[in-house]
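Below: one structure, written as structure tokens.
Order of writing sets the labels: A, B and C. Residues in every chain begin at 1.
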């Protein structure tokens, strides 16, 4: 059995007495898409924050490749290879594709006071990386990100995270704001990324999207895991019931 | 018809000069026509409004080729005024009429103008050394004298401990007036002090009244106030009334306004020191024009002030003001 | 394609406006010598002094922040130079050094205040403007008894800061240098990339790992030092320091940046656009002079142009974000 990338063991998080997460156990693996499902307020965003090092758990352990880790900052998580693509993608609309791609990691040439951005290198790499994600439309490196579609922005953000060493990608609701066609582009992107051996945590509340790409599934309700299963173990109807607030949770669990 | 020809000539010259900047730049030297550029102070000030009236009348009566330029406000007045004079000189007119308000920056420019053979007439400020600088003539006040006369008048009215309220800290002219006031009081055995008012507050009557009232209450010995602008004088009179000290504190001001003149007539204000700005505008042009036409100029500085206006002559001044609004620098 | 490219450039509107304004005044003021060397020097000098501060202000505004304290830094720097040389009798280099150090200090103070208070920089730096102006006035009056102190002779500094050639001041050279430096930083360096990113989206930039406060601190120091430099320059040009001078820079610099296509909310703009903004400002204020029309109108001109500029910039930005390529 392969070593998991990031694992949470019995993780609990409370904010000034309010319990946001309790007793969470999750394992994620390279080359697998782990879907995290749940309604608003189920604790998804707290879980992302713990995994990406923004907050520390109140109790419980976080493991990276079977080693216990305590992230003090998002930077530490990033350095290990945990990349996060937020719902707003984290790109700057008024900046070009290449400038966005290399933001805060600009390739430079020259020395001392003459050190400058290697623009041709930035253009070349960013475009080839984005193209390798399977984006069909012609994209220019000098194009402003604001002129691009939601799917294309996801492609830039994902390829950027992977290029800068992400072995594990947290994708926060990548299809939430998108139409049907753009969503399917993004789903293809996610599959494409998975095929490179990257582990993915896909946060969504769209059961259809989840079932079409997910390898493992975790359903959260009110800060607790109500179900965890592998691909093919639940039907779409069962999943929808689980997500709709846990009314039928007991029956599903008991029926197993 | 004359206007149309002028416009056409202007258009042609504009186009030509646009395409041949250097050519006209060199040809500029014969631009020594008869233009007189009058660089004035902020138009928002009634004082400079009176100067403009004088300027306009002189240009009209003499048929002079005069141009009047003025900054919009007091902001950065040293820099703005200096730039205006610089640009006026760059145009190489026949004469410029300027105030030597800021000797440090303007003196080199006056010398430069003289080197370029541009006649310089000084008004308002610069009495001390206009001849050394090669200026053609001087008409105006001497700021120290303005304050000094005010100090004398205040002393005559029984003031022994006066304050001078300066609303523009940066203006050396105003500072000198205060110095003159203080000097006159001290000479007479009294004492005086200068108070700086935040310049952005000086047009806010409420603020000025509250400030002055506070000063009077916290310094009960003060028995005289001199303000350097008429509207501040009016505010000071109100502040004195607010502080219930109308019978103790005597108020006088430099420069005029109708309201201040009314207060003098009512006996609530003692005096206003006038420097007759209209004359500075009028004679500024006249002196320049006569010099250009005939090479004539007075051999001494001309005094337009200080003129003391008190209860004895205030009615005459008010009468002129109602017949020719703005001419007395009051409105 | 070529026209489309131009229409998407932030500076293009300002460029057209500068050409238009120049032709306008060449037409109506050319006969009086607006296009002569003297006339050209006039608007160039004005644009240069404004530009030395407006260029870094433009960078700061691209990063989404304001600095309205530059005005009082100009005055404070000028009085520092004047007092050090004339009043205390120090060598002029000491005065210049202290003035520039004051500029650095005000920049650090602004950055710290904006960072710690999380109050919009528009307000924070306006407060600094009053603090610095008031302190400069009070200290100069306590120490020298006056708010203006003359500088009889600044020695070598006259050459560096006040050289005049055909009525053109050396400040034009300083302006060109400041422009070149800012252009290089904004276009070619990672730091420039960060400036755009912070103004475009503070959160996204922070998440991407941009050290946003380091960037802003440096930009505030940059505007502070530039304002101090102009203060030194004017002090030596006008042979006097004036504690309360410089207030006109407070809004003029921001106006020049906005006319030059810098987005008020940040994230968009160019150095060359700000340069055109300064040229427009200089051309209007000096150009009116040459028309012989009442100079009272200049503020109305600037105001109208500001409205037009903001509308044009919005249109350009929308166009840039709509056009695909």
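By definition in this document, a contact is a pair of C-beta atoms (placed from the backbone, for glycine too) under 8 Å apart; a residue touches a chain by one contact, two chains touch by 3 or more.
Being a predicted model, the structure only gives us computed values, none of them experimental.
Shared contact partners of chain B and chain C, listed by label: none present. On a Cα centroid basis, the chain most remote from chain B in this structure is A.
Mean C-alpha position of chain B lies 31 Å from that of chain C. Taking each chain's centre as the average of its CA atoms, chain A and chain C sit 44 Å apart. Each chain gets a centre from the mean of its Cα atoms; for chain A and chain B, those two points are 72 Å apart. Contact with two or more other chains is made by no residue of chain C. Contact residues on chain A toward chain C in their complex (touch as defined above): 74-75, 78, 84, 86, 88, 90-95, 99, 102-106, 108, 115-117, 140, 143-144, 146-147. By the touch criterion stated above, chain C contacts chain A in their complex at residues 184, 188-190, 192-194, 196-197, 200-201, 203-205, 207-210, 263, 267-268, 317, 320-325. By the touch rule above, chain C contacts chain B in their complex via residues 23, 26-42, 45-46, 137, 141, 146-148, 150-151, 167, 234, 237-240, 242-249, 286, 289-290, 292, 294-296, 298-299. Residues 9-11, 13-18, 21-22, 24-25, 28, 31, 43, 67-72, 75-76, 78-80, 82-84, 86-92, 102, 104-105, 108, 169-170, 172, 175, 196, 199 of chain B touch chain C in their complex.
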